[in-house]
Structure formats: C-alpha cells, structure tokens
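After this come two complexes, each holding chain A, first together with chain B and then together with chain C.
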Partner chain A sequence: MHDLAKDKPVEKSLNPFSTKDFALKRRDGFIRTLLRLATYFILACAGFIFADIIIKGAPVVFESSFPFVNTKFFTESPETLVVFDTADGESHQLDFSDYSQFKRDNPDMKIIEEHTHSYSGGGILGPLVGTALLTLICIVVALFIGLTTSIYLNEYSSKGRFMDMVRLAIMNLAGVPSIVYGLFGLGLFCLVAPVIVDAPNDRALFSFPILPGKYLSFEGWGTCMMAGGFTLAVMILPVIIAACEESLKAIPMGFREASLALGATKWQTISKAVLPYAFPGMLTASILGITRVAGETAPIMFTAALAHKDVLPWEGANSLGGFFSQSVQAMPYHIYTVAARIPQSEYTKPMQYGSVFVFMILVMCFAALSIWMRIHYRKKVKW
Partner chain B sequence: MSTVMSEQEKETQIPEGTQSSSSSSENQEASNVVIEVDDVNFAYVKGKDVLRNISMEVNRGEVTAFIGPSGCGKSTLLRCFNRMNDLIPTAAITNGEIRILGTDIYDPNVDVIELRKHVGMVFQKYNPFPKSIYENVAYGLRIQGVAKKSVLDDTVEESLRLAGLWEEVKDRLDASGLGLSGGQQQRLCIARTIAVKPKIILMDEPCSALDPISTTTVEELITQLKDDFTIVIVTHNMQQATRVSDRTAFFYLGNLIEMDETTKIFNNPSKKETEDYISGRFG
Partner chain C sequence: MSDTNKQKSGGKKSKVAESFRKKGFQIFGLGAQDFIRFFFGGNASLAIIILILICVFLAREGIMFFPDHHKGLKSYRLAGQELVDYVGEEIDAHTSLYSAANVAYYAEVNRTSQEEDTILRAYRSVLANVENMTKKTWGRLEAWQEEKEDLEDELEDLLEDKEKLTEAAAAPAAAANDANADQAADTNESEDSAAKLAEVNKEIAAVEARMKELDAEIELLSEKLKKEVNVAIASDEAWDLGVGADQPPADSIDEIKEAVLFEAHPDADEEHAFIVEVKERSKEKKAKAAEELTGFKDTVKGIQAAVRPIRSYHSDLKKIAVENKREIEKFSTAPERRKALLEGAENTEDPEDKQEMLDRANAVDITEPEYDKINAPIYERVPEHEKLAADLKAETEKLYAALPEVSELETKSARESFGRAEVYNERFQNRVEENTEKVKEWRHDKNLSIFESATAFIFGKNWITNSSWHDFYGLLPLLSGSLLISIIALVVAVPFAVAAAVYVNQVAPYGEQNFVKPAIEFIEAIPSVVLGFFGILVFGETLRNVSQVEWLSWVPGFPMAERLTILNAGLLLAFMAIPTIFTLAEDALNNVPGALTENSLAMGASKLQTVFRVIVPTALSGIIAAVLLGFGRIVGETMVVLLVAGNKIKIPDFTEGLGVVAQPAHTMTGIIAQELGEVDEGSLHWRALFIVGMVLFCISLAVNFTAQKVLKKFQKI
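And then the complex of A and B:
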C-alpha cells in the first residue's frame, strides 16, 4: 500500500480535497447569506430611522448663523402656531402670543387666510422640564426602595423557598405592560394615596385625624408629578432591584467576613465594607433605568402628563407640596400629542421632528453615560 | 520598637485578664488556659455532625496548630471560636461548650460583637478592604467610634510595626491596600486584626495563598506575635506546623485524634492515624 503511494507521482487533477458534496456546500452558503441579510435588515431599519430624524430634525434645532442653536426651541413651551396672510400679500407664521401682539401692533392690518396648528409653535421647554422632574422623582423613589429591598434580600433575609418566591414576584413585575402600570398608578397614587389635609375630601376612601385640625386622608394625590414619578418608579423597580442585588453579590464575602471578624455589627459591615463598593454599580444600572423611564408614555398618561400647560412648574406653585402636586408636560407625551392627536400638515412637521430629534439625542446621551460609567468603574474594580 | 510595644501589651493584658476571669468564673488566671473546648459536637445541617466530641485546651501565649486532611473540620472548629459560623443559619453546636477566658461563648448573655473584639481572625484568602493602608488598619477602631486622629495614628503605626510592615509602607499609608504584594496584603490583614487588640488571633491557613518567600515572612511574624497574643493556626502544611507551633492538634474525619507538644506529635505520636498522616501515608 505504502510503496504504491510512493511510486505514483502526485497528479494535479487528482486533488484529494476537491468538493464532494455540492448540495451541502450550497446550503452552507445559503444560511450564511440569510444570516447576513437579517443583520443588514436591522442595520437598515436603524439607519433609516436615525437618518430620517436627523435630516428633518436637526435643521429645526440648529441654525446656520450665530448662536447656531435655535434658542427659542429650548426656552419656550409649546404654543399654537398661527399661519396667516395679510392684505398686503405677505405670508406670516407666528406663535399665538406673537400673533396677538402683531394684531395689537397693526390694528388696521386686514388678515386673510388664517389657519391654526395647535402645539406646533413655540419650543419644548415645558416638556423637557416635566420629563426631567418626573425622571428625578422616579429615580429618587426607585433607588431608595430598590436599595433597601435589595439590601434586605441579599444581606438580611435567609435563603429559602419564601425568599425565592418574593424574588420571582419582583421579577414578574418586569413583565407587566406599561399601560397597566399607568392604570395602577391612577388607581393608587392619584385616587387613594394618603395626604395630610385640613378637611378630608368626600371621595376619600377613609380618613382620620392625626393632629388638631389635620387629617390623614386617603384621597389620592390627583394628577401630578408625584403620582407620575411614583408610577414610573414602581415600573422600573424590578430592574433596579435586580441591578442592586447584582452589585451586592459582586462584593466578595471576604469583605463582610473581615469586617464582622473585627467586631463590626451587621449594619456597620454593610454600610462601611459593602455599600461603598456596590454603589457605583447600582448607580450605573440606575442610569440605564433612566433612559427607559424617560421614554415611557403610558404610565404618565393618566397620572401626571398634560398636553398643554401655560406655566412652568416653578411659576405655578408657592410651596414645596404645591410644587410636586402640579401636573406637568412631558416629552414622550408631547411627542404623542403632536404626532397623533393634531391634524397633520407641513406646519406641524418642524415641531414633530425637532422634539423627536432632541429627545433621541438626550436619551442617547444617558445611555452613553451609563456605558461609560460601567467601563470606568469596571476598570477601577480590582478585587 | 516592637519589643517596647510588647512590654506595654503584657502590662495591659494581665489586669484585663484578671478582670474577665473574676467577672465570669473560677480562677482561670492560674490555669493559663484561654480556650477550653468541652465535648463539642457541631453540625452545619441538623443531624450531620462534622465535629464529634472535641475536647481540648489552648494555652495563653502559645501557638497552637490544627492539622489534618482537608475537610476534617479544622476551619469549622476555628470559626466556632469567634462564632463566625453564626453566619450560616442552620449551623449550630449540638453538644458541649466552648469557654474562652472562662466564659461559655454560646451563652445568650455573650455579645458576639464583644467576643470578636477579643478573638480576631485572619483568613485564608487575604482580604484587605479596597481602602488605603491606613484606613484598613484603622477600620476596627473606627467602627468602635474612635475618631481621634492621634489615637488612630498611634494604633496604625503600632499595629503595622508589630506586623513587620511599617518600614515597607510608612511612606504610602494613603495608597490602596490592594496595591501591595500578596504577602504584604496578608500582613496588612494581620495588622488590621492586631489594631483591635484581641487576646486571641485565629488564622485559617494564612499562608496557603502566598509564595514561599512571603510564607517565610508571615511565619516569622507569627512566632514574634506569640509574645503578645495567643494564636490558633490552621494549616495543611506540616512543616509549617513544626516551624511555628508549640502544640499541635491532629484532626481526622471530624474527630480530634490527638493533641500534644508539636515535637511530640511529629517525633513520637501516640496514635497510629497521626503517624500515618505525618509520614504522608494519607491526606
């Protein structure tokens, strides 16, 4: 056998590695193409969305001359846009307040062909401020509850069936549709949450006196940013709790043992040898949570958001309680309003695309910040 | 400097020792026994004893070594002495009593926090906090509410000197403890334990994560420390036991086979299992 192989010179045409099974090879190529196309499809979708928003939205926000940014878009709240022709043949496009001024200044000017487009004039200051406040309340509440819950679950509770069930219940909350949270928030925070009042409202579930002349009344907070912030907080709690627990689990048992062995109490150990090192991870995860809550419409639709509001939050309240009891405009709800609740026309487009553009950039910044923090802290962690 | 320190230590130690024995029971001072283990059984899970009928005594100012094959219960017994096993919910002593400085440490009147201030522990895997060298050593005092800079400074220096680390780190006390070499980190952990001024230091295989040179430094440190502290050390390295310890206890499958002078155990053991183990026939 061996000799035979040695004797014969190797012939080029007798390539031992030539393809034997062409069908197999074709199928391999086909699958490869299919996978590649699916990936490109996603790229195309994302590319199209971003390009469309940037091409149509950027011109609304940026200008070709100093200060290069459309400041009005960020310093005014949405207003009705009035489009009209005057008798001298000129065409005008003014926000409602400017339009009233124009009429006062030119009382004799005859106005013909007047059209109004609601929410299409002014800027997006109100919704931006509202979203910032809602997100802030949400993060404070969610971090507090999330932190305490995760500390209890991870550090204090004994392992067992009951605690597994608690965890499962918390994780299941992540699967609840956001509109359900919206309705839950309406039912709980807007309609029955407790408030301290001088005289309980008739529709209060129940109430009892706590101080002379003061009642604790379960009559709800009404539609306000507190209700919205709490609703959003409940919605992201599962994410926050899971992230906080993850961060706590990442801290080596050795730190806890060393601290306890030095005569520290449980709480001293947690607060001095665990939390300081778990905190960056918790914060990072929470910022990722912000990007999610900032974009949610359904939970705030019934609980906090208004399409139109004349005053900014700090103009409409004279006490801290009053401040948080106001309803607010919010970016996602504003976008929903201008995109779906008003008649569409050429004149509504700048507001639509401008809002979406700004909002998208904002959310992307938060996402980028969260990614940066994650990388930054991972580098610093050495244990 | 370290000898000066140890003189002070001895002076402060004796009155405190008298105090604790008079407040608890009997005349412990005379017997010189700091830890008494009296017929102890221990189980992590109910019904499965991992220690059986252990009785032993640990003398003041000595280094006592626990040897035996892996899984025989050395760490378990060690962690009973500072009640570290309390962290495991189902774990409990099922029989007998452990008395430290004359007091049953599983008595309901014993505050585990106070116990751990008297019985410090150094772990197998060196575990400094991700804090500065200074803060690592000061940790035990800070949690006791000591905030005075001068007290902290003095204790940190004393402890680092005793741990033989002062000369190496005195210029970078603010640097992270995690930046030190493995052997230095373990000595930092020892300094951190010393800073609380315990009577007893428990060490669970303190050199098993270290290279041979660091091991030598830590072993030298241990022999020096016995002037000031009573030390119980778990080791699976028999040479180490001969080098550092005065007395050795040999454990096998949850039983204490024999306990005696280290030279006696290694030259002339009275039990067959001990002889088999030290001659390397198993384990």
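And then the complex of A and C:
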C-alpha cells in the first residue's frame, strides 16, 4: 500500500475530477474496505466460537419444559456415565450411582454393550462451587494487599528512583506466564508456607514451638484451596495494583490539596476526598481480576484442583481450617479434564459443551460488566 | 484505627483547630497517622516481598538442577554410555536414510497395483464404518447368539442328567426282583428319581422353548441387521474413507457394497469372492513390479544389511555400558542405603534384628568402582569402530550411488522420499566422519565442566525422561516448539490486530468505534481453556478438512494428517493475542498528537495517506511494544498449547520447509503442566521443570522490559 502511493506521487490538479485523484480515491476506498474486513473478520471468528459453543451447549443447560433449566446439571457433581443396552433392546444412559440402583432393581436384566465414560455424567455443581471459592479467596486477598499497596504507592511514598523501579518491576510481573505463578505457588504455598501443628513434619523447612504442644512449622499447606486462592491472588496482584493506582492517579491533585488545606489529616483526606472517587475504578479493577482469575487453569493445576471429588467442600470439613485446607474441583480444570484427559465419544459431548457453555457465560458476564462499568464511569466522571 | 479517626473528625472541635492541636494518641512518639502510614507501607512491602519471593522460590527448587544434572551427565560419561550413543547416532542416521529409500521402493512397487489397493482400502474402511454404524444391532445379535450357545450347553447337561436318571430309574426296578428286602426304600428312591426325571424333562422343554424363541429373535435381528447395513451402506457416512484416501474406481463401488453386505451377515466366515480376487490381483501385480525393480530392491536390502555389523557391535557395547551404569548407581546410592539401615538398626528393639541390620549396613559396599577397570572392555573394542564405520560409510556410499536416478522414478511420493534421502545421506556421511573422531578421542575420565553440563541442558536436543538408559534434559525441543508456535501466532495476529486498531482509531465512524472496540476487548476475556477446548473439538477437525481441499494443496504442510498441530495452536494463539495487541496499538495511535494529523491534512494529504505516512510511523514504537507484549502473552500461554499442540517432544523437522507447521510439537509451558503433577518432589526431573519455568520467567521479563523501554522512548516524542 505504502509503495503504491510512493511510486506515483499525486500531482496537484485543479480539476477535481481528474483521473489521478479518482484513482487515489479508489485506492483509499479499497484500503478502507481491507481494514474493515480485517476488523470484522476478527469479530466473525469470535462470533463463530460463541455460536458454536452456545448452539451445542444451550440444549444441555436449558430444557423445553418447566423449569426450563436442567436442574440436575446444576445440582450434582461430575460422575461416571454408564451407557448400556438391555436385552429388551432399549438403551440407557445412567450415572454410576443410578446404574447401581438400576442393577439392584432389575437383577435379571441382561446387560449388553456396556461402556463407561468418566466425568461425563452428573452435573457441574462441584466445579462451580470450587471455582467460586477459589475466586473469593483470591479476590479478598488480592484486593486487600493490592488496594493498600496502591494507596501507599500513590499517596504516601515519595517520588524517586526506587519507587520507579518498584513500579517497573510490578509492571513486568504482570506479564509473567500464569504457569510460572503455578510453579511459584507450588513452591511457596504448598511446600513451605507456615502452619500450626501439633508435631512438625520431617519435610518442614524449619519449625519452632509457639505454644505448649503447638508448633509453627514451615511445611506448606499442601494441595488445597487456600494455596490455590493465594497463588491466584499473587498472580493478579500486579494487575490489581496497577489498575488501582491508575484510578487513584486520575483523582485531581486539587481534591487532596483542598482537603489538606481545610485541616484534614492525611488519612481523612484519603478516606474522604480520594477513595470515594476512586471507588468505581477499583471496583472495575476487581471485576476484571475476577474475570482473569476464574478463567485460569495453569496456576491451580498443581496447587488446588482435583479432577474428581465425591463431596462438596462443606460436607467434608469439620473445622474452618479443615474447610480451607481441602482441595476442590474447579471449572477450568474440569473442562481440561473432559476435553483432553478422557477418551472422546458422543456421550462425553453434552458434559463438555454444557460445562464450557456455563463457564463461558459466567466469565463473559463479569467481563461485560467490567467493560460496561469502565465505559459508564469514564463518561460520568468529569472534573 | 479508622474508628478513632472518625470519632475525632466527627467531634465538636473544628477541623482546622484539630490539625494544629497536639496529637493525643501517641506511642513512642508515633501518632495515629504514622500507624496508618506504616500499615499501608507494610502492606506495600509485603506485596513487593511476595513478588521478589517468586524469583527466590523458582530458584530454590530449580537451582539444584545444575549440580544434579552435572552429576548425571558425569556418570553417563563414566559408564561409557556417551561412547555407545555416538555409535547409536551413526546407526540412527543410517536408519533414516534406509527408511527413506525403503519408502521410495515400496511406493514404486505399489504403483502398479494402486487401483486394487485403493479398492481394498476403501472396502476395509467402509466395512469398519458400517460395522460402527450398526453396532447396536450387531451387539444384540451377538448377545443372543451367546445366550443361545449357553443354552445349548445347558441342554447338553440336562440331556446327560436325563440319561443318568433314566438309567437310575431302570436299575432299581431290575434290582427289585433280586432283593425284596429293601423294597420300601427302593420304591422311595425310584419315586424320587421319577420326580427328578419329570423335573428335568420340564427343564428341557423350557430350554428348548427358549431356544426356539431365540432362533426366531435371531432370525428377526439378522433380517434387521441386513436392512440396517443396507441403509448404512447407502449413506455418505459409510463412504467417509478417512484422511487423504483416494476414492475407489466407480465400477467397483457396487462390488464393494456387495462384499460389505456379505461380510456383515452374521454367519459369514470367509471373505467375499470379489475381495479375494482383488487381493490376488494386487499381489500378482506387485510381484511383477517387484521383479522389474529387483536391482532397486537389492540395493535397498543392501543398505539395510550394511548396518548389521555395526549394530551388533553397538549392542555389545551397550551391554557393557549398562553393566557399568549399574555399578555406578550402586556406588552412588550406597551411603544412603547404609544410612537407612543404620537408622533402622537404631530404631529396632529386637537385638537380633538390630545385629542383622548392622551387619547388612556394614556389608554395603561403599568403595568407588574402578572406572578404568569397568571401562576396559569398552576401550578394548574402540579400535574396531574405525574400520566398521569406514566400511559402513563406503558401502552405503556405493549403494547410494547404485540407487536409481530420481528421473527414473514414477511416483511422486518416491521422488519426495529420494529428496529426503539425499539430505539424510549427507547427514549420515557427516555424522560418521564426526563421530569416528569423537569415538577415537573419547575418554571416560575426561573432565566435564559445569559449564558443559549447562550447555547440554540449553542446547540439548533430547528431552527423554523415565528411560532405562539415560534421562536427557534438553531444552531445545521445547524451546523450538514454543518459539515456532509464537512466531506463527504473531505473523497471523499482527496484521489483523494492527489493521483493526487503525480502522477503529482512524477510519471508523464514531458509532462503529463504540461497538467494535469493546467487542474486541471482550475477546480477551475468553478463558484460554475454552479456546483450547474449541481447538481440540472443532477447530482441529475443521482445519484438517480444509487442508484436504484440493485447490489448497499448494499451502505448505497441506493436506495435514493430524488434528493437533503447530498450525492449529498458532492460529488459536493468534486469536488470543489479537485483543492484547489491538488495545495497546490503539492506545499508541490515540496518543499521536493531533497537531501532526492536522498538519498533514492541511498539506493536502488524503486521510489514508495521513494515517499510513504520519500517524502509523509516529506510533510505530508503541505498536512494536504492543507486539512485544502480545508475544509475551503467547509464549506464556499454557492451556491452548497443552490441549492443541499435539504434545510430541521432538524438534520440528525443518527439512519440510514451511510444511513444518503441520507437525505436532511440545512447548515449555505445556511440559510443565503435563509432567509436574507426575514427578517426585525434589527429583532431577522436578528440578528440570522448575528450570524450564525459570527460563520462561526470564523470557517474559526480557520481553516485557524491552517493551517498556520501547514505550518510554515513544513517550519522549
């Protein structure tokens, strides 16, 4: 495009209808169309992916009769699916527990062509709950540390080389691959993080008594939702810090100066004159964080996720510590399992598409919310 | 703390006065404001410490890899395995040459019987398809037949019982005449057996009735099966012959159908006459073609035979090296075993056990093996190698020259194979020359520096784990896969993303901007596992089908045989990178000062001339930064490559030129995700994976840092 224009320098002509200008216009139009095509091609690809998943996924989740939603899909955890024909020529698809019941009910029935498909039966309650818990832990931790850090960086710290370096480091860490965060989480939270135990493990890095009969032992939390949530939190920490700082920076200096001039203390200034106006931006940042965290698989692969679990988190724990120190199923990991780790067949399809559909809709809702909020507040806030 | 503040600020005293007032609440001269400051400062340092810890923990788990790896490589050398692998490399190089020639030969031989082979292939796949489609009826029929067989067995047993009972019933009756004394009991018995007999008779009747029923069912079902097969064979699905298969000639289709129908019948044991005939014909033609190509065949066979002496030499050496390796391993684990035994002895109460354990601990041989001695048998045979290798080389050279000219070959695939063979031949010759030197100079006690072992990791061509011979940890296969996929993704993503950014920022009307921009940003939120899922289930298949289209066969790598390839992963990653590049590039375009645009327009340049000659060049460094950050995102992406790249640990074969994109590969991110869950904590393999993580970390830091630098430069304009 560049060269074409270079080869034939446009001569200034007084006649606006001269052919050369016309050629230029045509070329302009051609390039415009090309650019537009490229843009809409991207959107078409996205549309195709959405359409494919929605068309194949929606029938699993919705039903034509009341209550219009496949309740079983949302109230059960993944199970093995058994597909078999009985001697009377009927084919059945039952979850493993139903299958055992069926066999007990019909002891004489001859079963032909029995196939099992792991993780293809039941529903997605377990993974949904797991993802929600992981996201919750992560957001609580990341927002607490991220917010305070950004407030310190923007409001308290003195400007200088050191702080610039810190900022640069944070920016750089935002681009580190998520799997590296997974390795880090495994190394720190699963294997070294401190716990209070009655007797320290041999594996512990070091340990010392804090109370009679209690030790603080650096032996790690093991594979559990705490470790996963913290790993995810560390992963989005740079993003949250950067976003929160951005929204703090957007508050005009005059607000602070006016507040201080009126005799307010530093903290009063921050809490009354800065934070309320930065709040929408921070909310947007946290929702963006949720979007990213909920979709991540790599960091939780070794730190928290489990392919199969019979009980829901609150059924298996008897104390608060026990609740957080169990591993969970998670939606992205569940999708990875059903997509790549089990043999494919037509019977695994509903589970695959159903989970992907629900998961995508959930993440997309958060994403849409954050994009909408950003646009909305950008329009609204004017100073 | 905030509560105290609120109370204060809500108090009756005026705020102005408050700030001049002496602070009431103080510890060690620090007021509430200082504590708030420390609270925030503390959290900030916590965040920074955590982020520093990332490096510390990656290093903590990973850094021990280098000494361990060094030790492993040292024992590899001490055991003589290194030398054996030199010989092995020669053999491998020779084998690829031979197989290329062999493929060419068979392509030539099969050329004449292509028609028959196509028919046979089509027949087989149609039969498999039809069987698959009618699986259900088929299964039921088989179940019935099984039941029928069971019933037949049962009937046999029952008939035997019946015979016995009839005899038993007859015997007492005969005996009764001889001995009247036990009559009462006998009568009882015979009554008993009569009842049993009746029962058995009843059962027999029941079984026979069931068998009749079954026969009827089977009759019905086989009718049904026949019908279903008829329907199935008429469908297109049955004629889906698989990837890259040729269609059989039109006149044979009916016969294939007939043969399939014949085969689908439950009683069919033999093959249909047509198929037998075609097989016969194909065989004949092949034999004839082979006769014509005897010279070629002998040459190929000669090539295969030439490697035999060196192969047996190699396996002899290998045996010695394996023995050596065992010795060395025994030595290296000896202190640990001894320690474990001593500890066990300490913890046992029983004095006898204790004594036994102590004895065993003392018996553990902790003397270092004499490397000179264990390697002596290898050295003894080293001189043989030169002659063997030279022979092999000369022989192969001679035979290679004896191969037919490329122009004599008639099939395309044979010609292609010859092209490969030429490359392989050259490689083989070089390999032999190089390795002859290496073998001559090889010393088991040659010093191995830590630097050498580090290079063996970074430039190692193999990543082989859990092998009984030696575990190799070489980064190159993973790095090349990662880079190749990223480059493809970038090549595809950059034009689209930049074009979209230019369009949205400069060309599109306002309303369109407000729709397109959020829509593209929305793509960024698609979770990577969802994209990977899409790639594995939908896109892979679509891509392969597209690659089969005839008029696209000029595209390198097409038609593709695999679903999960570098190209598939690259295209999906391109889609993932587009929003990142788009957003940042659009920002860069947005930041171009308006004065530049206005000046250009005022000079009479058209809108697009302004865009491409003023705005884009000005924003170029911003766009480059965007591309770099997009690259960072692609290189670090895990789930998509894990799911769709094919996960084959091998350096992509670049002899195919751009066709390399149709191969599967493995990546650095993928290997961590795939293998870390399965290795022991603290093992060499585990540490190797952490080091791979460190390499990734460094790459992404470098990319991000460069991008920041470029951006800074851009901001100065």
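The criterion applied here is as follows: the second predicted complex is superposed on the first by the 343 of 383 C-alpha atoms of A that agree within 3 Å, B and C clash if a C-alpha of one lies under 4 Å from a C-alpha of the other, contacts with A are read in each partner's own complex, and residues count from 1 in each chain.
Keep in mind that, in the parts below, contacts are C-beta pairs under 8 Å (C-beta built on N, C-alpha and C of every residue); 3 or more make two chains touch, one makes a residue touch a chain.
Please read these numbers as outputs of a predicted model, since none were measured by experiment.
Contact with neither chain B nor chain C is seen for A:Val129 once the two complexes are overlaid on the shared chain.
In the superposition on chain A, contact is made by A:Ser158 with chain B only, not with chain C.
When the two complexes are overlaid on their common chain A, residue A:Val239 makes contact with neither chain B nor chain C.
By the document's definition of touching, neither partner reaches A:Val328: not chain B, not chain C.
When both complexes are overlaid on chain A, the residue A:Pro252 reaches chain B alone and has no touch with chain C. In the superposed model, A:Leu262 makes contact with both chain B and chain C. Partner contacting the larger number of chain A residues, of chain B and chain C: C.
In the superposition on chain A, A:Cys45 contacts chain C only, with no contact to chain B. Of the two partner chains, neither chain B nor chain C is touched by A:Val358. Note: residues 262-265, 268 of chain A belong to the chain B contact set and to the chain C contact set alike, using the contact criterion stated above.
Interface residues of chain A facing chain B in the complex, by the touch rule stated above, are 158-159, 252, 254-255, 257-265, 268, 272-273, 277, 382-383.
By the touch criterion stated above, chain B contacts chain A in their complex at residues 82, 84, 87, 89, 113-114, 116-117, 120-121, 123, 125, 127-130, 139-140, 142-144, 176, 178, 189, 192-193, 196. Taken in their complex, chain C has these residues touching chain A: 2, 5, 9, 14-20, 32-33, 36-37, 39-41, 43-44, 46-48, 50-51, 53-54, 57-58, 60-61, 135-136, 139-140, 143, 147, 495-497, 499-500, 502-504, 507-508, 516, 518-534, 536-538, 575, 578, 582, 604, 606-609, 612-613, 629, 632-633, 635-639, 642-643, 669, 672-673, 676-677, 681, 689-690, 693, 696-697, 700-701, 703-705, 708. Of all residues in chain A, those touching chain C in their complex are 1-2, 5, 12, 24-25, 27-28, 31-32, 34-36, 38-39, 41-43, 45-46, 49, 52-53, 85, 87, 89, 91, 110, 112-113, 144-146, 148-149, 151-153, 155-157, 166, 168-184, 186-188, 191-192, 234, 237-238, 241, 262-268, 271, 291, 294-298, 301-302, 332, 335-336, 339-340, 344, 352, 356, 359-360, 363-364, 366-368, 371, 375.
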